[in-house]
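In the two assemblies presented below, chain A is common to both, partnered first by chain B and then by chain C.
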Partner chain A sequence: MSIKDKIAVIGVGCCKFGENYHQSTNDMLVEAAFDAYADAKIDPKEIQAAWVATLSSGTSGTMLADPLKLYKIPVTRVENYCASGMDAFRNACLAIASGMYDVALVAGVEKLKDSGQRGLGSFNAHPVFAYGTTAPSMFAMAATRYMHKFGITKETLAQIAVKNHKNGTKSPKAHFQMEVTVDQVVKAPMISSPLGLFDCCPVTDGAAVAILCRADLAKKYRDDPVYVKAIGLAVTSGQPYYQPKNEYVSFEATTLAAEQAYKQVGIADPRKEISFAEVHDCFTITELLVYEDLKFCKKGEGAEFIAAAALDGELPVNPSGGLKSFGHPIGATGVRMIYELTTQLRGQAGARQVKNPKLGLAYNLGGPGSVGIVTILGNEK
Partner chain B sequence: MSIKDKIAVIGVGCCKFGENYHQSTNDMLVEAAFDAYADAKIDPKEIQAAWVATLSSGTSGTMLADPLKLYKIPVTRVENYCASGMDAFRNACLAIASGMYDVALVAGVEKLKDSGQRGLGSFNAHPVFAYGTTAPSMFAMAATRYMHKFGITKETLAQIAVKNHKNGTKSPKAHFQMEVTVDQVVKAPMISSPLGLFDCCPVTDGAAVAILCRADLAKKYRDDPVYVKAIGLAVTSGQPYYQPKNEYVSFEATTLAAEQAYKQVGIADPRKEISFAEVHDCFTITELLVYEDLKFCKKGEGAEFIAAAALDGELPVNPSGGLKSFGHPIGATGVRMIYELTTQLRGQAGARQVKNPKLGLAYNLGGPGSVGIVTILGNEK
Partner chain C sequence: MAGIIAFGAYVPRYRISREVIARQWGLPSMGGERAVANYDEDSLTMAAEAGLTCLAGRPTQDIGGLYFATTSSPYREKQGATTIATIADLSREIRTADFTDTLRAGTTAMIAALDTIGSGSAQKVLVTAGDCRMGEPDSPEEQLFGDGAGAVLLGKESGIAEVLGTYTLMDEFTGAWRTEDRHFIQVFPSGFDVKYGYNRVMGEVLPAVYKKFGISPKEITKAVIYAPNPRALTGLAKQAGFDPKSQLQDTLFGQVGDTGAAAPLMMLAATLEEARPGDKILLVSYGEGSDALLFQVTPAIEQYKVQRSIKAQIATKRDIGSYGKYARFRNLAVKETTCGEVSTPVAYFRDWKQLLPLYGERCNQCGTLQYPKERVCYECGSKDDFADVKLAHTGKVFTYTHDYLFAGPDLPYTQSVIELNDGCRIYLAMTDSDEKEVAIDLPVELTCRRLHDGYGFHNYYWKVRPIKG
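The block that comes next holds the complex of A and B.
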């Protein structure tokens, strides 16, 4: 019930995230893929199978096969809301662990700036819930409830935006390269009360790629491979906000995915054992809830944990700048998290490098708390 | 490089295919899933992970988790054009072979009759190719070229429609339950010359489900499990019709996927070793090309092979009635083929039962010849 240490990440690539009006989806995929090929020092002909993640920027495996000329091999599109990227990574890992393929490529991409999709669209699966339930409004309900229950303020949430924007200035491929202050965050235009503009991640274009292989072949490609320790995925309802038992201050999908992953790798105290984390801060409140759901701290103690999550803190969270500052091109985000974990675990993260990391955790969330996926990578077997 | 005999199919289910205006996507998924649960005599709580395939009838794993209440476990959506269903099956097989899960569910669904999607839409990925390249027009080019090169006529193609409609009358869940004559097929209204109405598969609603487990656990569920022998998937260009080397009389994705699968199971002479096949006859010309691409006969000899493909022939093809008669709800089709293979291999196909099958082959095609996937199942280990 585990694929621990069976798969290695041998190359990662990422295009500059941002308002990439000058690039097509294909252009971004090519940039990220050749970045990864160079990183892995691999001939693209060695890729035996591939997975591509997108919510709305293409269909079928051909959307990756055509720009990369990855012809004649299997290429599968995976879609799982905003967690598409990490689920594509998961399916590639499972496929390598099955023994069917030795080397696989995973790509995630989304082009949001010139499409109708803004990540703010109304979820219209159910007639009662079709109107007004945009992403900001649903996460705003969680923020409102959390404020009521645990007594935090807009200033508390603002600290998360300040931290992630600060990290983003050390992250050359991040969408934003600017610091913000608590005062700026609190006074920013309101999007969906209590979440203002700087509580929300931006609308971003981007692509990221990871190249994986059987762990026993990894040293053929590089001296410092990173190993897949665990992957947990849990899906709850597509309408979790309307489940009678939902207390609005936790995502069950997160807690369940983390439980699966911690069990696979044998982690008893995540706060002590995880070196750093990249988490899905689509909104500031999301990161706060995720601290608690990942058991980095107890329920209600997220606000106190923010200091520990700083780049030089006890358990740095979102050294990359997170979705908040790096950006959130939907299908790309989960793969971009793998890019950051790998870069950090190799000690190649430059100004944003965390100290002596051993285990990195990435958490990708899909839908309004519906799809939770946790991946743990490590730099030792 | 093989997952031969590592996975068993222990249950299959299918709703009645047709113009299901009385059923939602969820209704059809529930009907097919409970059909499969009953068939496997399994408690739904034993399902550890799931995959769902659709082109356009939903998004994310929640589209399956919600109707089936398959909460707290991993559920992934896979999309690969019209081959989505079989690629979802493939990803589930790889996941079980990885050791991560013991029991998994695969569902495919599409509701076409009351959506804008008609399977005839223009492929608009490229500005030059955006206009007029509907599915019938692209397959009509292959038919025109094949007629020119090998001297067949509309009457030749009509024999395939006649065969598959005849088989469909013995297939209680098929969309159509009516025979047609060569004369009717040839004189039917023209869709895209030379393909008339009866050369085209219908626009159909439907869902199908398969339940898989580790092969060594299969006998716990039933005495007659069916084993996964091989799965090959090959992706070529999303615009294969415009590749300079395309001769318009073969799908490279088919030949490559078949080569992968035959190698995995050690098949040298498919015509002798395969007992029967379910293939992707979206148009009559497609089935003709597929005979040749699957090496059931030589290139140019497809017309002669039609007689061998009859229900009581040497190598029955589409005993279910095929896409032509059973219908083609896009995401469901690949899983529906697994349903038919399993039913036949257990000897439970009633009036359409093929004689003493040992190995069944299913072939699912996605896009205009872009995505080819071949699965081989057998009833002996």
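The block that comes next holds the complex of A and C.
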């Protein structure tokens, strides 16, 4: 079974990401949804089912139904760590593919700034196991191990931040439009060693929305729909630090999700066949590991791939600026990646437009390397 | 006759120079430095450390009791001895008791342990004593006091030091005290406590001890006498007929400070580290009277392997650097914005065996050792087919990070994935470490600490620290 070419993305919307102190969760959802309605030229009444993703900014389907007045249709809240957004998208795709619905809406949202938190915390349920863990600390331990094993330095990781900040300057809805230098990144205050401030994505508010329909109905809405080619999801342990054989230089969830997706499209050499990618760079080390785990390059060769990942490189990665510059409102991120892929595949990405894209890959990661979702979209059927 | 089977002491790694405290308040410095418990330590964790040192490499099945002595119990209601016994993974069918509220609680617990053994109720009893007494800021006690712990394993055999006798005098006197609603110890000023309490009681106790044991001061190899301050002891020694230089055990005041109920046991440990067969050791405490115990060192001392000597622990230190950090550690300076720890005693009830006694499990199907305990094997997926395994307490760092984002009282908060020597992976915070010394493959040992106070109780759990020496 494959999902290939059964679903089309007919509209996407996104609010300006950033420190949206002036906006509530509902304000951002309304902004992103009406942006998507306008993009799809659709009457909201045509939407037959909806999914909303958030880690902690709301509960139940009512958190979407109320602001959008999407009453009397099925609405489901999805949570799967930082990969919630893309899993909501996946659920909508599966529902349409089942034949149950023709048109569905997917929203992702997170309101982080209202809490005053300085960084992304952790999600422990147990009083003492993993006590004190922060989001950067989980990835920092991979960075420590990777640096030990492959001999890279903070300068190597900094190049990823520099690239994504540069792309962010061309991305009007991104949290940051600000370039940084390797020196600035390396000398920034330490957050979780070896990761400094600029190795970490910011704390961001935001919402993004995508509207999907049965592929055979897409041309009714627009001439340039984008098609879902593949979706792979893999879940590994949420407590990798206890796993008896974990080498800490790779996230298996990434590789497994990618394998599923590549098989659905028939991709043998992702580096050649994928036009560009939006990946989960919550921390610079994460993007480095993702290059390798997505098989863009071999294990241990991520550092050499950074040049190829530039906007004008062989396989541009994070033309949007990534989580690093665009921001990472947790539940919104996966849907925001769909927004970027769609915008790029339609050739509407402006200054950050990649050249002649055919296939775009989005990778959303949740937890300490635990939930991996790969989605591939294409602009040809 | 009963005797000491093993001994241990614990000196926390942090020190504060008395000069730093004195400067804070414009007071004269008493000189030297004092030991300061880390922010994640208290009298109970320190006593557990000393107790575990006593038990290192020994069977524990024949231990029939554990006593905990302190004037600074982390709880007003809840026994510390059971927690320490659980940390030490002792049998549940043992006697446990806390001896509290007096500076002689440590020796009183020892005498009670000897009575427990003498009555045949237990073959061995582990006596632990820890204190973390609070001197009021801007008071002499703040400089005088120090934090630490001592422990002795007593048994019905003579062991390394046979007990020749015990003596107790109780004496109602109010010289130093702390009422139930106070944090800080009050000491009546102008030396009243020393002159009319300590000197008077010692003047009564020492002659009584000589008479009861039929011994003269000259025959005592080492007099291990607690004193509320070092000057009091020097004055007393002459009066009691001891040569202060050769016969008097140092109070550890210069390096550690007055460790209260733990002091007699810590000084005893220091004495035993240097003792030779035939030595006669007189241990004397003070507080609402006095306890005295007379020991004779046996030839077994020559084969005794000292674990974590007090001398080495005194040498292995870390300067706390500032009064502010001391104030933060001891909750004198409290941040009202906290990270809001979440906990429930129910987790301790349900998971007790994997928390303080630290058991993991080995899969009976594939042999994988894993922690925390799961119903289904990480590796092979078999269900409920495990054998409980007590995890190793040493290992090495697999990976780590120094985290500055966490709202802890002593940043960075170092998190580490540890490969224990039995091959089990465990994820623990690191304590008592210098940022620069931490590296992949660094050898570490486990230490039980107060992780946080979620739900208003003390959430004790394990951390790791670099192995020193």
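Definition applied: the second predicted complex is superposed on the first by the 371 of 381 C-alpha atoms of A that agree within 3 Å, B and C clash if a C-alpha of one lies under 4 Å from a C-alpha of the other, contacts with A are read in each partner's own complex, and residues count from 1 in each chain.
Methods note: contacts are C-beta pairs under 8 Å (C-beta built on N, C-alpha and C of every residue); 3 or more make two chains touch, one makes a residue touch a chain.
What you see is a predicted model, and the numbers here were worked out from it, not measured in a lab.
Chemist: Looking at the overlay, what does A:Pro189 touch: chain B (first), chain C (second), both, or neither?
Modeler: After superposition on chain A, A:Pro189 lies in contact with chain C alone.
Chemist: Can A:Thr134 be said to touch chain B (first), chain C (second), both, or neither?
Modeler: In the superposed model, A:Thr134 contacts chain C only, not chain B.
Chemist: For A:Ile10, using the defined touch cut-off, is the partner it touches chain B, chain C, both, or neither? Pick first, second, both or neither.
Modeler: Neither chain B nor chain C is touched by A:Ile10.
Chemist: Answer with first, second, both or neither: which of chain B and chain C does A:Tyr248 touch in the superposed model?
Modeler: Touch status of A:Tyr248: second partner only.
Chemist: Classify the contacts of A:Ser237 with the two partner chains as first (chain B alone), second (chain C alone), both, or neither.
Modeler: In the superposed model, A:Ser237 contacts both chain B and chain C.
Chemist: Return the chain, chain B or chain C, that is in touch with more residues of chain A.
Modeler: After superposing on chain A, more of chain A is contacted by B.
Chemist: With both complexes superposed on chain A, which partner does A:Ala332 reach: first (chain B), second (chain C), both or neither?
Modeler: Neither partner.
Chemist: Is A:Ala142 touching the first partner chain B, the second partner chain C, both, or neither of them?
Modeler: Only chain C; A:Ala142 stays clear of chain B.
Chemist: Show me the chain A residues, by the header's touch rule, that chain B contacts in one structure and chain C contacts in the other.
Modeler: On chain A, the overlap between the chain B and chain C contacts is residues 237, 239.
Chemist: What residues of chain B sit close enough to touch chain A in their complex?
Modeler: Answer in residue numbers: 1-3, 6, 49, 55, 59-63, 65-66, 70-81, 87, 90-91, 93-95, 97-101, 125, 233-239, 252, 256, 366-367, 370-371.
Chemist: Tell me, which parts of chain A touch chain C in their complex?
Modeler: Touch residues, chain A against chain C: 118-119, 124, 126-134, 136-137, 140-145, 148, 189-195, 237, 239, 241-244, 246, 248.
Chemist: Any idea which chain C residues touch chain A in the complex?
Modeler: Going through chain C, the ones touching chain A are 341-344, 347-348, 351, 355, 368-372, 378-379, 398-406, 408, 412-413, 415-417, 423-427, 429, 435, 440, 451-452, 454-455, 459, 461.
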